């Protein structure tokens, strides 16, 4: 019998309604390269959702492509990105941003978030023109790599700082759904669009086969963007594949609904862990749960469940990471908690 | 009523059996990033097809990605690619190869193919080290951008020349299916694997939603390849999406079957055009038909069919391009020929 | 006894007055990185010469650096350069422009020059956005790689075309001195500055140890330029080395004086060749002489002189290239002609 | 009256003997692009100095060029550099290494040096293939950015670690002279050549107008290196300019002699500061002195001398940096100490 995985939020393929939409729209001939009717409708849905009729929307197949294309399009060769030391572009994308020529200036973080103070310090440390790459774009993720979310107050402060210093604000939204569905969240997608210059909405982690939607809300960044999509390999001949999926995701708000399920499952896990007398290593804000468990308990749980040991802790304990998704089965969460309690 | 399109071979989405396979495999949890069971099986099928158990296979979502990743992985910064003046990487990929740092040395062609003589001349013209980029990789397409195919004799001559001069041979197989299904073809996929160092098999144009399979037959090129897939944005979290499709395509030889249909439809169009007393601008070897038609006839045909005018010719005639695919409906081909004959 | 070389215009080191200036200014402490008094004065001289007090001037050590830095600073990743098929950046700089990410679109030429018609055709051939890199910068050399020069009428036509199409005009001036000192020339440096957006004035080939002066006359291109100089390795700690040399070169117009000598020597060679009954392969406009000589005569001449055989011609003849410079010794020119006549 | 500068080691131009050598060798015609007699002799001297007749030597004009060319030539696109957080390539070269596509993995340091433990930790943190760039080259400076030097024991330990892990060891020798002339030093140039794979010897900071000599001791890295020199703009037409200078520098060991003077002057400053009752912020190992001085004293000293305030310290004190060079005038050092004592 195979084990149930809480490894990540992409262990299953697509939500059945997404597949159904692909089946329904499969036959009619359509224009290629994202000029099809479905892509156009999907983009219209997103523009409506963010209440910004002039925004440019581009659909691509992966988050790394979304980051490469967006950042590469915005920057001149001497311009650098500011990111936390946990930023996905810094530690999980094989140097993709450096590979297109840009330095990443790092700011330490403990909760995955950037703060105005951290940004100011990075600007100070990198001010010696022309010997230092010029900070030009701020990269944040919402939710962050640790599953934490930005509040309106926090994002506004960062946005204002960016405008004051002539920095562009870019939001990696691989887990944007999880962020917006968080209990703590007070941002709507329209707020992200207003406060950021460019951002993307992750589809892969919220039930698509693949697909991320890049949204350019700052009109000065929109020119010629599609050249970059093409040049970096992101322009699918059958762009409809992405269009159909995003249309289904945003047509009736399935986006937040699926993200909400993932967050609920994480809360259930989280509550069960605490109830069993174990400790969380961090507050559970979205769909990632970090718990500190005794090593023997971890070994036992791993007979029935798959999950990552995040870091070795002291005293025969380790921090584990449990990730839930739109597809997480509630009975498996219950089973996990039962197993955990039986170990205590 | 909308017009029927002979514009390209990606106007429809996926072959129904491909979609069915995605539906059937949707639910089970799988490892991410191409480590899933379906991708492993698909790669196994391809290795078997080329009779090269040691070949490395990597699945990516688009042809431009396949080209960027393959070429970028093989070359050092000072090394250049040789291509015909019609090469897709040269004229249809927005400078993607230059964007990762490599010069493309061009060789004139009339039929889309490279010849040993053309290659030798390019080597001669680019021999002044260190003032000229060093020719290192030969890029060809099979079928070519004009729909022509390489014969065994031709490909063998090029392969031997490459080995003699220390050049790598890379085959862009966006339309590999059409090539191998051509009447004139005498190559099998295993021959391509033996004669080339690295190549890719196009899935998008032969009935997948998206997907191309890069095959590395020269083992010295295999090391660390996956880093490049990831760095360029080609590593899908749900790699299974590509794995499932390629498995279905190669499980029972649907690959050649679908390509054969496309070629057959092109032959039918071709024959009809000739029978109607019109002239072909080039022999129809695969799924692209080039015909020289009077301009008024073109205008009339375009009331019911969509296709590209390829180039203006003399005497009120133009060359048009008609592309067929795995999805081309035979009745529409018949209707096109009827319409054509009624115009004569 | 070693042979006298007409191989190129950089076989000798520096004009004695340049060395003398380096000796005279060697001791005083100066600011580094081009902030020294000599660099400032040199830039002032150049600004005065071009009658453009707002122009930005940057000094770098080599022509390839000047091209990399200038082009890289102007372009976004999807933007391409237009050049003739003889362009130095295309055929003699090891793919340096592609190495920083940009495609070069080529236009055939016979005399080394671009024409409005050639440019228009290149624009037409590269108009399919977003599948083709976007033409954005026009690269020309004056004098060209064949030693020909642009007239005011020609350069004006190109400049107007550029402005009409939103193209930047960039002039590689490795042999700008030779161009401006040509009998046929009717341009002043100030005209170049007015008609081009950015250009450079070659120092190496007109008597400096090394050094080229990049001039940015279009103010929208000046921002942050020095970052690019530094990032590409062009910012010398002892920038004074370049400043002192350019100051000496432009202080009292030694620039044109030395270029004039080179051109005069070429004219003398040219006239001698014709007088001896041999044929020029091209009109001698600057400091390069192309002559068609019988192969036995070439062999005999090469006992006493070094020069390149440019191309094999028919009937036991070849085209040779003779290059003169600021340092060419008149007696050696006379000796060459004597030798030539004795061979007839 | 202008102030005397202890700002850096490139405030003066060249040592008079270097200029004299340029004057003496100015006239004879020579081959271009580093094929001249002087460059050949200079390379021979360096090979002899390092006792490695097979080493390849390439001369370039700036340290950033030396770093770009060396690192770019060694690495494939997915490979990364390891450097301390103080590394010159990381903080003072405008993202030059990222601009050619490579990530820099950082290791914290307090004294400017890398340790085996720091390297091992960096390898551990960057081991998740293919999601992280692959560590491949270790970048260290000797002397470091803080003026400290590596001992034989330290460098050997690093070198062995590199070989164990398949890492290349690259030494930035902008201040190699100062390092080898340090009292604490027990390395010869031949040791550097033996323990590193590739390194460069700084000429600019030890009395040349400009020039750094890249030495490739690992023969597998030597192939095609000159293409990279050319492609990055580092191949001077009059390569003799660098050849003549390095020949003079290494002909009779002026290299160490001049470096020794710089170090002696730093020791004199250092001793004077301590004798005056002030504190050093770091031990003075080479030609950089870091001292903690009261702010009013700094202000007073700056009436007669130029130097940088390195960091604000507590209690109305700051750390200042004083740099000496081959050109530092002993009377000025004496004057500085006198002034300092008069302030106490």
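Chains: A, B, C and D, in written order; residue numbering restarts at 1 for each.
One rule holds in what follows: a residue touches a chain if its C-beta (ideal position, glycine included) is under 8 Å from a C-beta of that chain, and two chains touch if they have at least 3 such contacts.
Everything numeric here is computed off the predicted structure, so don't read it as measured data.
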item	value
Steps in the shortest chain-to-chain touch route ending at chain C and beginning at chain A	1
For chain A placed onto chain D, the superposition rotation in degrees, Cα atoms, nearest 5	180
Greatest separation from chain C - chain, by CA centre	A
Between C-D and B-C, the pair joined by more C-beta contacts	C-D
Chain centre separation (chain B, chain C; CA means) in Å	42
Whole-Å separation of chain centres (CA-atom averages), chain B against chain D	51
Distance from the mean Cα position of chain D to that of chain C, given in whole angstrom	34
Overlap residues in chain D, where contacts from two or more other chains coincide	77-78, 93-95, 99-101, 130-131, 133, 227, 230-231, 235
Touching residues on chain A, where the partner in the complex is chain D	77-78, 80, 91-95, 98-104, 106, 128, 130-133
Of all residues in chain A, those that touch chain B in their complex	2, 4-5, 7-8, 10-14, 16, 19, 22-23, 25-32, 60-69, 93-96, 99-100, 204-205, 209-210, 227, 230-238, 240-241, 244
Of all residues in chain B, those that touch chain D in their complex	72-73, 76-78, 100-101, 129-131, 133-134, 224, 226-231, 235
